[in-house]
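As written, the chain order gives the labels A, B, C, D and E, with residue 1 at the start of each chain.
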Amino acid sequence: MLKLIDVTVKYGSSTALHSVNLEVNQGELVVLLGANGAGKSTIFRTISGLLKPVSGQVAFMGQSIGGWSPDRIVKAGIVQCPEGRNLFPEMSVLKNLTLGAYIHRKDKAGIARSLQNIYELFPVLYEKKEQPAGSLSGGQQQMVAIARALMARPKLLLLDEPSVGLAPLIVEQMFKTIEKINRDGTSVLLAEQNAFAALQIARRGYVIENGHLVLEGARETLCDNEEVRRAYIGA
Amino acid sequence: MLRTEKLSKYFGGNQAVNSVDFQINQGEITAIIGPNGAGKTTFFNLISGLHPPTSGKIFFEGEEVTNKRSYEMAKMGIARTFQTTKLFAGATVMENLMIGHRLRTKSGFWGAVIRSQRYRNEERACREKALQVLEFVGASALANRSVASISQEEQKRVAIALALSTDPKIVLLDEPAGGINADETSNLAELITKMKNAGLTICIIEHKMQMIMKLADRIMVLNQGIKIAEGTPDEISRNETVIEAYLGGGAHAQAH
Amino acid sequence: MDLFFQQIVNGLVLGSIYSLVALGITLIYGIMHLPNFAHGHLYMLGAYVTFFLITDYGLSYWPAILFAVAILVVIGMLLERLVFRPLHHAPHINSMIASIGVMLFIEAIARKMWGSDYRRLDSPYDGIIDLFGLNITEQRLLVIVSAVVLMIGLHLFLKRTVIGSTIEAMAQNREGAFLVGINANKVSLMTFAIASGLAAAAASLAAPINLVYPSMGAMVNLKAFVIIVLGGMGSIPGAVIGGYILGLAESISGTYINSEYKDLAAFVLLILILTVRPTGLFAKEAR
Amino acid sequence: MRFVPGSKWVVAALFFVALAIPLLTDNSYYLNMLIMVFIWSIAVSGMNIIAGYAGQLSLAHAGFFGIGAYTLGLLMVKAQMSFLVSLAVSVVLTGMVGAVVGMISLRLKGHYFAIFSLCMGVILSLVIEKWESLTEGVRGLLGIPVPKIGSVEFSTLTSQYYLILFFFVLAMFVNRQIIHSLVGRTFISIRNSEELAESLGIHAMKSKMLAFVYSTVLAGLAGALYAGYLRFLGPEIASIEHAFEMLLYLLVGGIGTLWGPVVGTALVMTLMQWLQSWQDYRMIIFGPILVLIVMFLPHGIMGAFAQLKKNQPSVLPDTTDDKNRGIERGVNDRRLAGGESDA
Amino acid sequence: MRRVWRALFTLSTVVSLLFLAACGNSGGDSNVVTIGWSGPQSGGAALYGKNTLDGMKMAIDDINAAGGIKVGQDQVKLKLVALDDKYLPNETATNARRLKHENGATIIFTPHSGGVFAMQQFNVQENFLIAAYTSEPKVTEAKNPLLVRIPPNYHIYPKPFSEEMMKRFGKKVALVPGTHQYAKDWTALFKQTWMGLGGKIVAENPVDYNKESDFSSAVAKALSAKPDVLFVGGASQPTALIIKDAREQGFKGGVIMMDQAKLEEVEQVLKDPRLLEGVIGVRPASQWPTEGTKKVVDSYKKKFGADKIPTSEVLYHYMAVHLFAKAMELAGTTDDPAAIRAKINDASKQLPSDKIPLSVEGLSEDGALITQPKAITMKDGKYVEIQLSFQ
């Protein structure tokens, strides 16, 4: 479904991604593990068209999307829920969600249905729908961000560290929700440093370090890998 | 040497740092760890004077410095690096480093115009300081390179050199090993040890656990702006709360 | 007391015009972070276009306004496309200078094409209304009412329609806007269109109570900048309220202090407010 | 020296050419143009210090030019003070006003500072225009005597030329000394990152104040020389159009370069003179040229030279850094900013 | 990198092309004498500048069409070189030097006092004649030997204006003049005269006629003092608007108009002559009762449109060019400014009144042309002439 072939990205003269090869198949939930600054967000930003690769290919559903503008990529079906959330802080939750469905803006009935689904998934958002998004707590904002991404009815959802800054209990909930979203048919690429929590719901994963993909494999392979354990727990 | 008392910082309604009591001891390497968004960098920003705390107190060498601005803190001997390597882009490494020692110089406008004796002495002192710290961090060869043209790891070294050129007592390092590879990380760890051996007090934020576990004398763990644990690396790695917070609830069983 | 109320009305007329122009500048600033110094000259163009549509093409007042707005919308979009979009990734100071270039160009073109003469656009609403003992011309009332209608319209557009809210979305979080599939170029094009249209509307409303001449936009432009700094750059309510504050401050200070110093009053007011609130009255809190 | 056309030998050669010019021509039009270029170069180089080096775009400098000019004029006309004393006082007074304005305005950042300073400029020019009892208002200040130093009277164009050349060379010398010194580097460090500079113990406000006051002093000096040369003053000299013009000279020449202000002033002024032949079309041609210049030579002429020489992006300030105000910038701006955290 | 080179190349090409083109213009012809002009062609005063230029252009075209002037044995044609100075004195100084040294102009016109003051610093040294179109008295106080002041002195108006208005409407006047220098000087003199005649000033509210977006609040303030007479002064169109605003706000008294505003232009804006009842002002130059005036007004209308009326700037400049041309003929030289100026007085007496508008009676000692304007007022729907006394 999504394929990155030898993608290299630079910031000025420093290379942020070195020939990255990555693949997400239809219906999969793939996790991208890596420490801070390893290059996870750079991959995501590249897929979403916010950064242009200097070389390599990004393909989605058989089409090369490298060099497409971000809005065109969203229309193609790749929607990102970024790490910084990037909500519209002064707009109400509802407005944020409505804008999430921007590409379907003519489909009023579809939007209403999506909203219904979202409220089932995150009941708290229904209660807070008239509040400005910026006034919500961190966890709720994270929910708005994911919900907003879902409103676009993505084929592939990119989730960049949804657990950042959330209390453990909420993290657990969040992961369950992500699992459910995936079960409902959306392919998910999840970036996490919370390795083991993420590996519980993902079937496959990649490990990135300093802009290189250093490891790739199924859940079991990664869980058992000494490198991964060492990198994340330090023991 | 540096101590905080119930230090808190709120951004709007969010508590970034919540009532943290913390101490950095002379000559030690103290590490601050915690998941992303735990408030580590905010904490650094508070103790380096970049942001004023909402409440609480900061003491440095026994003196209260709570509302001092960052340039005052720097003059007192607190130097820091930033998470994203901040250097003065476009200038050469040497030009960057000379600014680092500016706070120890006195000559101003007129001195510079007439190139007074004192000014020339001070400029020489800045240059010598720059060379000295470059040598210390093992980057002498970079002196005349433009900052934009050197590698990530070299930039990290230069950033540390820049902090050192202020003649600090404490150096606060914010993720010095972010974005560099394993070999480079171990070189960096050596450098940090070297700094400690040279008599500097160091406080470090880092995600690379192996490195921290080896380097640190003491570790504080922050989560959600709250200090959840403090102790030696051994104590920390056995601490249930830490594992819980760091690895996520469900991961607990798997981690063991 | 009559004088006081008379001056309030005059202040509202002035404030309405200022607000409409300032709204355009603040919208563009919110989206592109560009202080568009050429905006006052778009206002001037709007007045000329209306004038010629009425005198040379025999249109009546309202159709002329509509056409003038349409023409200015096109001009605004051309400017965005030809000048400001290519400069979007350059340092901001460059697009600022470019806007000065555009400003010089528009004024020179206007002078070349239409000469420097003062022109007078007659209002079709020349009657005088006696409102609680105040003499107000219909045109003045029309300026106030139309401005309020336009502002409400803009408000509804921005808040109630999905297309309109893309403008606010871009201003509040640019990257977030990209990630929900909003096309940045389309939004900035639309913003320029709206801003130029507002300027044209303001100009065609104001033209009958003043004169039409090539440098008519310069002072309005400067005042509009005072207003958006006053209200907080990029803030829409700030532009509206700031506009009325300035309009009223000018007419009141002109009456009770000295009319010669009232321009000074506007700027001093600004300094005072910024000394107390460095980011203006309605600026968003820095995150 | 890092800047190609500013290399020592070129500068020395140009200096001797400048000295020799009055011997080579008696065309007073050329001399007058050169004098104007010198005067405005001084003022623009002042703007360059605060905008190009310290990174704070000030549009108030036409106002300070006006203060310098009027102080000299008023002291010589109304207090019958000598030229040198008046010159000194006007420079000092401009600096003092600059200090007060700086204290209020330098707390603001980015576009706020730019537009605030624009309003300050408007206020200064309005004060000059409206304070009739002092400045004679719109009528203008008449009868400024011929500048005299000791027994030397600067009544001829040639003598004025040398007088102003002297101050021009002096100002450029001081600029050079400052720019290539710890003080200048301090300014640059603030332009690049106020946060980093402060964490290195640099009192940013103090340095910005120094840069601002010095830059207003240069503007004041230029104004005072202008008054002594033209010997008539109208309030227009402090107008906001002049501030825009100065910014234009600066940007065309190359902001943040030592010689940019001089090159830009000379080039644009000459260009404007040439365009006189087009009369009404002058601004119709000039406006688009300006837009093209910022599109294709965004770093100005000296910036482009520096780029050719160094084969890499030159030191270019973005004086209006939104990050200071917590606003996310556009997609590619991040790439330009060169690096970002991948959190 | 290539982009930068290309840009530098393009820029230098453009600049050198401009240079070549500019050089092409200069190049003297011995049988052509250049008249210089430096004034505003852009900015707020551009219209004023254009009017002065139009007058000069018409005069020069007429003279050249008639074969030029006869200087000594040669038949010489006139050429006008106009440079924009944006109303800025320093630009005037630059332009004057350029006109003198690049174009060989001996006579340089400028329509603003700042420019005149700037040129006075060096015009004797550099040997050219200033044709100053300004009423500023200080221009002539300096006794510059190479200067001719063209427009009439306004000192003669305030007294008869005041007397007439006091008689008809009353002694209370409210002032709403412009903030430009000419308006200020005029107002100062008017105030002195009005009070000297026992009148009272009930309000003084100057506004910037060129920049103001809405005059209504200034007018409202002035009217709130319940004046019998309103004093206004500035360019015609804004002046007309002020009168209109005042009438709309219910003012029925008299209006004294400074001579800068032209009654015929005010009329065009107001449309309804009833609004002009009680207005007093200077008789339009275009209504000067000479054959010459009528002729020039007609040819102006032919050139610019039937509804256009030449302003006094146009007519005075038309007249001035003829005057200087005549003086050159009499002096027998086109490049000796002192000799030309010495013949101005004679020339003014020899100008044919059937061809030249206005009538000039000579040159005063301090270098100002002597003309005799007249005043009119609207009374019961008709213009009535007011006698001006010359002391």
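Note that in this section a contact is a pair of C-beta atoms (placed from the backbone, for glycine too) under 8 Å apart; a residue touches a chain by one contact, two chains touch by 3 or more.
In UniProt terms the chains read A, B = Branched-chain amino acid transport system ATP-binding protein; C, D = Branched-chain amino acid transport system permease protein; E = Branched-chain amino acid transport system substrate-binding protein.
Because the structure is a prediction, the values reported are computed rather than measured.
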Furthest chain, CA centroid comparison against chain A: E
Chains most often in contact, by C-beta pairs: C-D
Separation of mean Cα positions, chain E and chain D [Å, integer]: 36
Between chain B and chain E, centroid-to-centroid distance (C-alpha), Å: 72
Distance between the centres, which are taken as Cα means, of chain D and chain C, whole angstrom: 31
For chain B, residues that touch 2 or more chains besides their own: 12, 36, 148-149, 178-179
Residues of chain A engaged with two or more neighbouring chains: 12, 14, 36-39, 50, 70, 86, 161, 164
Shared-contact residues (touching 2 or more other chains) in chain E: 42-43, 179
Touch list for chain D against partner chain E, complex: 27-29, 32-33, 36, 132, 137-140, 142, 156-157, 226, 230-234, 236-237, 241, 267, 271, 273-277, 279-280, 282-283, 289, 293, 296-297, 301, 304, 307-308, 311
Residue ranges of chain C touching chain E (in the complex, touch as defined): 2-3, 6-7, 10-11, 13-14, 17, 107-108, 111, 115-118, 120, 122, 128, 135, 137, 140, 206, 209-211, 213-215, 218-220, 250-251, 254-255, 258-260, 263
Of chain E, residues touching chain D in the complex: 1, 3-8, 10-11, 14-15, 18-19, 21-22, 25, 41-43, 82-84, 86-90, 93-95, 97-98, 100-102, 113-114, 117-118, 121-122, 125-126, 136, 138, 179-181, 184-185
Complex contacts: residues of chain D adjacent to chain C: 51, 57, 104, 107-108, 111-112, 114-116, 118-120, 122-123, 126-127, 130, 240, 244, 247-248, 251, 255, 280-284, 286-291, 294-295, 298, 316-320, 322, 325-333, 336
Chain D-touching residues of chain B, taken from the complex the two chains share: 36, 48-50, 69-71, 74-75, 79-80, 82-91, 95, 98-100, 102-105, 107-109, 112-115, 119, 122-123, 126, 146, 148-149, 162, 166, 178-179
